[in-house]
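We just call them A, B, C, D and E in the order they show up, numbering each chain from 1.
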Amino acid sequence: MNTKKISDGIWYLLLAGALVLPFIPGGIENTFHGHVLTMVFLYASMAQAWNIISGYCGQTSFGHAVFFGIGAYGAAMAVVQFNSLPWYGAPVGALVAALVSIPISAPCFRLKGHYFAIATFAIVEIFNRLFMIWDWVGGAIGLDYPILEDGWRNFSWSSDKTGYYLGALFLFALVFGVVRWIDSHRMGYYLRAVREGQETAESLGVNSSLVKLSAMALSAGLAGLCGAFFAQYNYRVDPPMVMSLDMSMKFVLITILGGLGTFWGPLLGAAVLIPLQEYTRAYLAHLGSGVDLIIFGLIIIYTMIRQPTGIMGLIRGLAPRGRDASNDGGDR
Amino acid sequence: MAAMLEVKDIHCGYDGTPVIRGLSLEVNRGEIVAIIGANGAGKSTTMRAICGLLHPERGQILLEGEDISRSPASANIRKGLSYIPEGRRLFPKLTVRENLELGAFTVVDRKVIDERLEEMFALFPRLKDRSTQTAETLSGGEQQMCAIARGLMSAPKLIMLDELSLGLMPSLVEKVFETVVLINRKGITVLLVEQMVQEALEIANRGYVLQTGRVVHSGSARELLDSDEVRKAYMGM
Amino acid sequence: MNHFLQVLFDGLLNGLVYALVAAGLSMIWGVMDVINFAHGEFLMVGMYVSYWIGFFLDVDPLFSWIASGAFLFIMGAATYRLIIRNSLGKSAMAPLLATFGLSMVLKNFCMNRFTPNFRLLSGTVLEGKTISVGGAILSVPQLATAAFALVLLACLYWMLKRTRLGWAIQATAMDSEAAELMGIRTENIYLLVFGIGGACVGITGGLMTSYLAVYPEVGSLFSLIAFVVVALGGFGSIPGALLAAIIIGLVESFTGFYVAAVVKYAAVFAVYLAVILIRPKGLFGW
Amino acid sequence: MAILTVRNLTKSFGALVANNDISFDVESGTIVGLIGPNGAGKTTLFNCVAGLYRPTSGRITFEDRDITNLPSWRIARMGVARTFQVVRPLKEMTVLENILVGAYMRTGNPAEAMASAKRCMEMSSLSHYMDRRAGGLTIGNKKRLEVARALATGPKLILLDEAAAGLTTTETREMVELILRMKSEGVTILMVEHIMEAIMPIADKLVVLNGGEKIIEDVPGVVVEDPEVIRAYFGEKYSRRLRKGAKEGNDDGRDA
Amino acid sequence: VAEDKVIKIGALFPLTGPSAVSGQNCLNSVLAAAELINGAYEGFDVPLAATEGLLGGYKVEIIKADHQGKPDVAKSEAERLYNQEGVFAVIGSYNSAATKPASAVAERAKKLFLCGASSSAALTEREYKYFFRHAPTDAIEATEFTDYITYLNEKKGAGIKTLGLIYENTEFGKHAADEGKKAAAKIGLEVVADVPFNNGATNLSSEVQTLKAANPDAVFGAALGGDYSLWVRTMKQVNWLPKIAINFCTGYQNPAVQKELAGDGDYFMGGMSFSPELAKEFMPEALKVQEKFYFPLANQEFDSDSLQEAVMLLVLGQAIEKAGELDTEKVREILATETFVSPLSLSGEVAFEPGGQNIKALSVITQIKDLKYNTIYPEKFKNAEPVYPMAPWDNR
């Protein structure tokens, strides 16, 4: 009990540190680690959004790139096609993502295990290929941002990452806040109950279809917001960038590496995987093509063999021993 | 004469949590030996360790003098062990008949298999009626019968039965215990785990009482039945 | 309507090749409930094996498939021993993600060693040979691969249904612990299944080098289609995989020609989804 | 007043008729036992009442409302809780969390849910295992957890499917006590049980199924004497012992 | 070794991923050019060869970066190169889709971005100030293709009236095809088949079947290596050919692909700005540079794409020399206004118009025969007569 509170305390302390970081000279500004940190928070938010449906509710979706992509297109369409502000596009994109997720996932929820996973693969491929030929959204050519004035209005900065960083931090706070709330309320218990046994959950009065659909819509909407951020950050959107299996795999890998269905797992996963990916690509590429990716692949294999419950599992594996000991003491 | 099965001071557990801590027992040829104990005492774990589904961290298991503590279950089955696990573990998509035939997987001769099938159907006529139904659609009791029959199909020297009576109707419980005696008369040694302490000890020669992974009492069935401690703890008297 | 005939044959031939690619995946999935994400990369490795044998030793793909099949058998078995066995049962997604990691390693290893260049064997025995059936032109290498697919699938099917080994495999698939209690050496069965799965895709890759260029990314699309074929057919079912693969092949070629080439895969995936929503466990699934 | 009525219920799986034209009532505040040979269709009947199966024909009403084709979660919300014969713990959740899922049915307030979950946990003597992973419990505790979880939903009627199977005699006694406590709190109980020690002393009425049909419905004393029940279910030896009752130390039947 | 005496230049290419072949060639080409600049070499009539380094001894250091063919990675790598590595300029990025966001980074930060081979016309329509591109755009190439068709029709009475397009449905293929269609409309060429396909194809039979059914006189193709060889082989399999087939860069240009097609690739045509045959006559220095610097690195010959990346480094080097200091604004001004001598360019010189397009960009149409890229158009560069129409499959 106590250990949990203490470890949460550590996390909040770290996050407070993250919040003051941009106000320290050289903290974020224009540095590469500023980019990496921004990405850590973005990907942590994405992974957490995914974690709602796949971790807590047990429906492993490989289709989140679709929702992420719709959000990205929302922001980009607003800016590029309608000469408007991303502030309008992003929520619309997120909402559309949430709405789209419902008719897509409702039938898929009837599928079990790997069947569900493969169906979500297929959905990504379908969306990808349709967006590739849909001229209104730029088709294969994609949408490129014009050069905009720096600032919050356009949510666009060119020589200082602080704005993006704070944006990512806000996104992170939003997604994690939502999940924290869910986690400690009825919804959280229902999600996990559905994951552990749908029929059992129903026998306890849980309307599992409603639970799954609302979790999916929430998850998709939040993923959409992350997508909008991604588009703003990269000045460009095209289907392979945002609506690909690669992107979906990122959601999955980060969460699982961190700890599926755990609250801090997505942040841990992103905090390990993203810097690893960015720094190996940046500093190992000279070893020859693909060496960074080989190392990356080996790490994934190693984790899955040695620590499939992720880093959270590793931490927990250390903690209970302490707890048991104290328990024994208490019994006497 | 050497014991058929000798378990010497084994320790085992799951993921580092110890369950069995220094357990020893032996089963002689032709005996019925019962293991009794509260829920979670480690009875099933002991059985799993003996048949090789789980390897003890320490200690030895000897079958007819040969150390089998490290060999996989499939090898032990071929040596004449048979284990009917708790929870039946039938092949859900196969028919009753196919399940039984798989029970004789180690037997190559078709004729022998057919003979044994007939024996089983004679023992459990209900299975004959259900022989083309898939195992998952059987009722709990039917599944239990199927599991027993499947375990007998390999014509084992030593059969281990885990909670046979679980979920069976009273007349069947009686029947099943009669069957165990019958099997035993045919020369098959029996090691059984039971919650129905009374019934089990009534047919057994000897018994062991398990508590938190250790043997706390052992002796002839009658001794145990008469022991106040056993009666109080397990028979609610 | 000789286009129609041509499109039909193209679809059939392609479908048979897909069936062959999918067969190994289907077995692994069916027996162990593991999706081998590196399946496409296995195919790629099989193609490289056959390509290099052809390149250095001048052995035609018509024969070198034996070598690539054997190589991939060993690789499949090794994958089981080193990766799958250690990740199995720990969490549902662990084997899938571990093989995803493996696919990254294999793809980039080949990229690193063999460069990303496209490599095509020239001067193979069957190269460029075609036969004409009712105005439709069929490529002999593809025809040979398709014929092989049929034979190999028939062998697999027979093995699963009619042999003791097949029985053991099926029992292991349903409940490995219970199978172990029947005296089946499940550990060996797993090893064998992964080996056979590898060998199937190795053989396919070996044969495909007679008409397809090899490069490190060649497996990606194939593996995606193989996933869909297996799921559509119902996992573990060989006839299911065959039927599904032919459906996929036909959908691909008919939409490719009569609708638009660029939507053919979208159509393939959409048809898969439509079917799977009606039959959640695939055409031949339980 | 009957809280649950089953009228002409038939459920068939293809050619196999698992429940054939079954009718009976469960009176409010009583304990009704459902017994019968293995494969008689007891679990199937439970599944029909709880909404897991759709009956082929017939009508089930709960508190005078038709629940025949309602989804199981709706039936649960109306106040019918159930346990599973083959235990189904929510494996990766702790014991307390398992019970909380049930408790959340009546309230969305975390504090209230926690209070009611803790109460049910204590009632079923699981407090000691509160933070254990439910998947790692022994069968006995899993059975208790099934009951505690169902209880936490605050049911008016609870369906217990072999809650005592696999328990030692001592544990069975505890389970019986728990059931009686539930009854005293006003919960109606419909239970399936093969262990007669657990059901005979407490049942107000027994319904006996055989081959999917109801063969008798009466108080235990009468059922025990019924020749058809004896033949189909108890067996001679057992019913002899039953009739003798548990009052004597029954060491007579020992042979071997 | 004084650390200050170094000019860092970023080389951002797809070193892994689907277009890694070309990306690595491009990188090697830039490395080759850097070597040429850094050492003092006699006997090369190439600016900067004879002197050691730039600005009297500054060595060019190439910082490699891999964008994997992904725009988002290209963007963040460009930022890293400018901000973290402190490069003076970046050369890249082959895929137009990656070049777009990467050069947007440069433009916003007011840093130089030099592009060799990306061919999307959109890149230079953005009116960027810090972006310079050497390659002819798809628009230029497409116009050249249609000019050539007009030429064939007029001079040789070829009677080419219909056009088919087959291209990968990516930002590269789509751009190229769009420009192709525009150019065709101008000369009244009727588009009878428009066949985009998914890149990384494993089978192109429906695509080729569609072409065959429409039976256009001419075909414009845009496909990367593997897809290109599959396309050619599939055409052979269905025994069909248009009268002429002209390709936008990539697959056709890659000698390795042609080698493996072993003659099946013969008679196809394509736009190119380099080929060994062309170089022999018009750009002999390029061959020398290839021999001395490129071959040891890449173990193969230049191709049009990769060579242009080297050119951009040489042009940048000249601009820095002229500026006399490492001042981005000055160098930019010089790049934007002056004309540069470039023996490695077909036109021999390079000059950029506002927006950054090289107005001297030139490409020729070649036809391949026996692994030789013969130049067939325009007349000025011609070294062989075209074989027209293409020799049918059964007559080779």
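Everything below uses one rule, namely that a contact is a pair of C-beta atoms (placed from the backbone, for glycine too) under 8 Å apart; a residue touches a chain by one contact, two chains touch by 3 or more.
Remember, predicted model here, so these are calculated numbers, not experimental data.
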Worksheet, complete the sentence: Moving step by step through touching chains, the smallest count that connects chain A to chain B is 2
Discussion item. On a CA-centroid basis, which chain has its centre farthest from chain A's?
Written reply: B
Worksheet, complete the sentence: Per the C-alpha means, the centres of chain C and chain D lie apart by a whole-Å value of 50
Response to the item:
dist(centroid_CA(chain A), centroid_CA(chain E)) in Å evaluates to 38
Worksheet item: Roughly how far is chain A from chain D, going centre to centre by Cα mean, in whole Å?
Response: 44
Fill in: Set of chain E residues in contact with two or more other chains
16, 20, 24, 169, 196, 198
Worksheet item: In chain A, which residues are in touch with two or more of the other chains?
Response: 129, 132-133, 289-290, 293
Response to the item:
Among chain C residues, those touching two or more other chains are 108, 111, 116, 262, 265
Discussion item. If we use the touch criterion from the header, which chain pairs count as touching?
Written reply: A-C, A-D, A-E, B-C, B-D, C-E
Item to complete: Can you check the complex and tell me which residues of chain A touch chain E?
Response: 30-32, 35, 39, 129, 132-133, 139-142, 144-147, 158-159, 230, 233-236, 238, 240-241, 278, 281-282, 285-286, 289-290, 292-293
Worksheet item: Contact residues on chain C for chain B in the complex?
Response: 164, 167-168, 170-171, 174-175, 177-187, 286
Worksheet item: Which of the residues in chain B come into contact with chain C in the complex?
Response: 51-53, 72-75, 77-78, 82-83, 85, 89-94, 102-103, 105-106, 150-151, 154
Fill in: chain D contact footprint on chain B (complex, rising order)
14, 38-40, 86-87, 126, 133, 137-142, 144, 163, 166-175, 181, 195, 197-198, 202-204, 221, 225, 233-237
Worksheet item: If you look only at chain A, which of its residues touch chain C in the complex?
Response: 60, 107-108, 110-115, 117-119, 121-123, 125-126, 129-130, 132-133, 245, 249, 252-253, 256, 260, 288-291, 293-294, 296-301, 304-306, 308-309
